[in-house]
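In what follows, chain A forms one complex with chain B and a second complex with chain C.
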Partner chain A sequence: MATYDFVFDALGLRGWCGEASTDTDAPMSMDELLAQSGGGGGGAAPAVSLWELPFPSMDALNDACAAFPQSRELTQGLERGFLNAKDAMSFVLDPLTQPLSWALESALYGILTTPWWIVIPILMAITWFVSRSWGLLAFVTLSIAGLAFIDHYDYAMQTLAIIFVCAFICVLIGVPIGIAMSRSDSFQNGAIPVLDMLQTLPPFVYLIPLIFLFSVTEPKLYGIAIILYAIVPVIRLTNLGIRMVDPHVMEAAEAFGMTRRQKLYGVQIPLALPNIMAGVNQTIMMSLAMVVIASLVSAPGLGVLVLRGIRNLELGVGLVAGLGIVILAVILDRVTKASLARINAQQKS
Partner chain B sequence: MKQTRDDKRTTVEIRHLYKIFGDDPKGALAHVEAGMSKTEILKEHNHVVGLNDINVEVKDGDITVMMGLSGSGKSTLIRHLNRLIEPTAGEVVVDGDDIMAYGDEALRRLRREKMSMVFQNFALFPHRTVLENAALALAVRGVKRADYEDEARRWLDRVGLGGNADQYPSALSGGMQQRVGLARALTSNAPIMLMDEAFSALDPLIRTDMQDLLLELQAELSKTVVFISHDLDEALKLADHLVILKDGYVVQQDEPQAILMNPGDDYIIDFISDINRARVLRVRSVMRATAQPQPNVAGQVHPEDTLEKVIAISGGETGLRYAVTDDEGRQVGILEMQDLVRALVPTGASESGMRTRASA
Partner chain C sequence: MRVNEVLVPGGVEGWWIPTYLAEEHPELTTLEGIMENPDLVGGTFNNCPDGWGCRVVNDNLIRAIDLESSGLDVFNHGSGETLATSMASAYENEEPWFGYYWGPTVPLGQYDMTKVEIGEVDPEVHARNQNPDSDNPGVSDFPAAPILTSVTADLADREPQVVEFLGKMEWETDTMSSLLAWMEENNANAEETAVYFLRNYQDTWSGWLNDAARENLSALLQQG
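After this line comes the complex of A and B, so read on.
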């Protein structure tokens, strides 16, 4: 006898449950295992006081009726469903995401085979181009030189390459999605819960379904994880930026007969640019956070060293790599913020 | 001889235009047509009556001023002329075409080529220079910078901003920004100009400057201007034809002088009671029209002279009589100073003396 027998009796479902209601072939639940190991096992129905009344959970109901599913069947069912769909999904997703693997592979290959005396000046040129600030240029140069000096150049460049590729793809996909959201309220209402979920899901959880779908050796595995995690801010801020464009200015654009295209490229995007750039800044920072976690699934770079530090208790290795990540974070943040400030100043003056 | 209103071509005609804001405008329309008031409709049906059976003819080359208090539907009305707002019912006919029948392409062409607009809050593009802003209409049509630059500079010069072409709008004062707004409308070369409280956001002195500039440009260009205002002095100064709105319907529309001399109802009387009549009334409105020479005339005045000017000429003497002569020196009427003084008293106080309108 179990606590909730009366439910099934009252509903007349006893027949559906099967006669032998106690401990038949159903796998034992955790409670039962504990009860058995505790030595109290036996058929005698325990007289349950109200104080100890178990919640009518799936397992408790299964006690009363063997046909009722246990909660472990939920997780198993989910797994089975996913595995069944897996082949079909990989069949579609694999070729679709293959370019991501190629992009990541060639970026990693390119940045490591190009000699440092070419890569570093290129990075300096990019810094100068977007920020026009001597101070920042000096800071970036010294930081990278410092990392190279302590023999972390390769790791840092791998991390940078992955971030560049992923952030670029985030912008490429995120800005159009943000524009579409700004144009349709119903699309926005549908997309916001998805974005909320992507943003609140713990970063590790992204990896779980991806590991099943793709092989761990493929770069796209971590590429997708990073992009899913980091794309949210650029979408949100593009949408927000376009919606915040002064309605009077939009009305003037309309009154002078601008087409939708002219309004988008001539007014909305330029005026939303500060917001879009703020989104890009956040996207880059989130890519950096994720690229470290993604080293669990074979993403190269500084994250690998951090992981080694944890696994092998190599304190020094872990700390230095961590410091390297901080330096990269500061560089990326300062450079994107400087370009943002420049755009802002341009629009104000 | 001055062209009368009937001789002029009708450029824009608004016919039985209704606009109702709410969930079921068509449903509420029936109540409006049945004569329910704006407040009743709002209270009982929760719809806002924006416009209620508007009929206005906008004549070619005129400045038509639509005025009314806040919430009377002025902005709503002017936005129907280029269909920034869709009506609930009614027609807007521009040069013979019902623009409600226009598709996207035809509507865009109307906005690009026939109508330009000036906004109360300027609505300049903050990310473009003054020159690029002024040239907006041309750029929208696909004209390259090299080709529009001269035209845009010409109009910027004309509104007095020749030196600011390469600045951004945020570097300019409000008055200068609205000059850019004006240049933007002029550069489009559209024959019709819509101005929604274009000068309301400006300081009084700058506003007067802008009004003078508009009149000056108008004398030169003879555009068809629809001007929205909530300021009676401004309306009287600019208007060839004045339309007074209240709660979404037209209370009275006529030539401004005629409205001053013959206000249609108490609302208008209230409205005009505070203005300086000597400054806005003109000789032609109070003179007795006659070609017959009269004895004892103290001098000659022009029909378009303001009463203020005549008072200055007369030195305050009320017994005098002036001959009113037009540009060619022909006598068109006789002005008795007594009539003039009587006309200065607000309408409500002098019913009989005022209503005798001399100009035929």
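After this line comes the complex of A and C, so read on.
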């Protein structure tokens, strides 16, 4: 019989274990079938040497005692538990995240129905407004025109719309969380493990519960996935920026009798702005990194083309779409860096 | 060397609705019925992900029958996983669902689906539909794809008995799907599923074997 029989015999649990079930519906391995019919290598199993001693895992213990759960019942139990909690969770989370769906839908609709000769000048105006650099403006215009020239305008704009919405929400939620973390040490201690987890968890893993929680045809599915992944740097750098404000400056602010609110808006946030902007830059870059994975849960845009390239081994399609993502990344990076440089220059003067 | 077609009728593809929906509204089993009542199927056609062969065929069919004119939205899934999940969650909540799927697969074994009649199977039209940006897409249902057992000529020389057995081995696509569903439900591995098949589908496999082998195997199972 099995190696760990003695454990159950010694504990007097043999009766609890019971006989192996004879239900024809229960899973049964080929070895068990052969052993049952006595055709397996002549009766008793060969004695196991110490060298081959199996680890007392759930499956090994199940061999000795049929009532002991097998390890597959662990995954099954997890699944069942999640499915039971699912209805309550989606009841709360569904309405809460509905605005995200609306925002993504209207952004995608808006950017695609507006003619290109309005969208491109708007993008140019934004570039000029934040960077005030003729060189950058020319670069952005040429890149977008290049993408449009090779008929990737629609895909690129879809990707851009998704990133704008997600990055905006990341900043909207992330900066206040960062400020709260900078003000309370215990909140910081609690939040850092969560942030670490969000950053290291493979993005595919948190797609799984999301698929179960929400309808897969809703855009918020990929919205949440992108936001969870991309929100981390803006929180971290806001926290860090505010904590790094020179204590002497804070002392001076206190000496002037500033209230906490005045200190926050008048001293801490302005001085932490370069760090916060660096966080925004990283957040935008990370949401761009999620574009291809988000396309697996039906996000439109350049990611779809990359996936098509992979699935059909259409090398050209994949490469062009990948290059398009790189161009978008360079544009967004340069524009945010340029605005960061402007803020730095203003503070120096 | 081709020996036999192992699955009867073969790999099935098509557009499906849940059977409970078909029972409630029998008119939905034809394409015309669906296009007249788009709300009854949830107003959405669940399409294949980009890059799949069926996506090309579906897109051409959608153009040929002008599906979107009936008020149905075509939702292009990002991956096979979301396509399957949309079907699974709709089925579990008894909601309407309409979309593409193929078998033998776990979801088609697990969920009772009814195939929507698109029209006659016309191999020529179907071949035309498999061409992206086809000029004149037509209407043709999906023909069943043959799934073959093949062996090397070497094996046929060396083990004629095994090849004879493989030549007789064939089963229904539905059986395959329900076995896959059993495997999924019990988190079983392939070997355990094989045992389950041997113990519960005697009618299916007894025709594959010669008399001596059949008696051997039955005796083995009887003892168990």
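In the analysis below, the second predicted complex is superposed on the first by the 323 of 349 C-alpha atoms of A that agree within 3 Å, B and C clash if a C-alpha of one lies under 4 Å from a C-alpha of the other, contacts with A are read in each partner's own complex, and residues count from 1 in each chain.
The rule is short, and it goes like this: a contact is a pair of C-beta atoms (placed from the backbone, for glycine too) under 8 Å apart; a residue touches a chain by one contact, two chains touch by 3 or more.
What you are looking at is a predicted structure, and each value in this text was computed from that prediction instead of being measured.
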| item | value |
| --- | --- |
| First, second, both or neither for A:R261, with chain B first and chain C second | neither |
| First (chain B), second (chain C), both or neither touched by A:R72 | second |
| First (chain B), second (chain C), both or neither touched by A:V304 | second |
| Dominant contact partner of chain A by residue count, chain C or chain B | C |
| First (chain B), second (chain C), both or neither touched by A:I211 | second |
| Shared chain A surface residues [contacts with chain B and with chain C] | none |
| Of all residues in chain C, those that touch chain A in their complex | 44, 46, 49-52, 75-79, 81-82, 85-86, 89, 186-189, 191-196, 198-200, 219-221, 223-224 |
| Residue ranges of chain A in contact with chain B within the complex | 246, 248-249, 251-259, 262, 267, 270-271, 346-349 |
| Partner chain C, residues of chain A touching it in the complex | 24-30, 32-34, 36-39, 72, 75-76, 211-212, 215-217, 222, 294-299, 304-305, 307-312, 314 |
| Chain B residues touching chain A - in the complex, by the definition given at the top | 82, 84, 107-112, 115-117, 119, 121, 123-127, 136-137, 140, 168, 170-171, 184, 188, 194 |
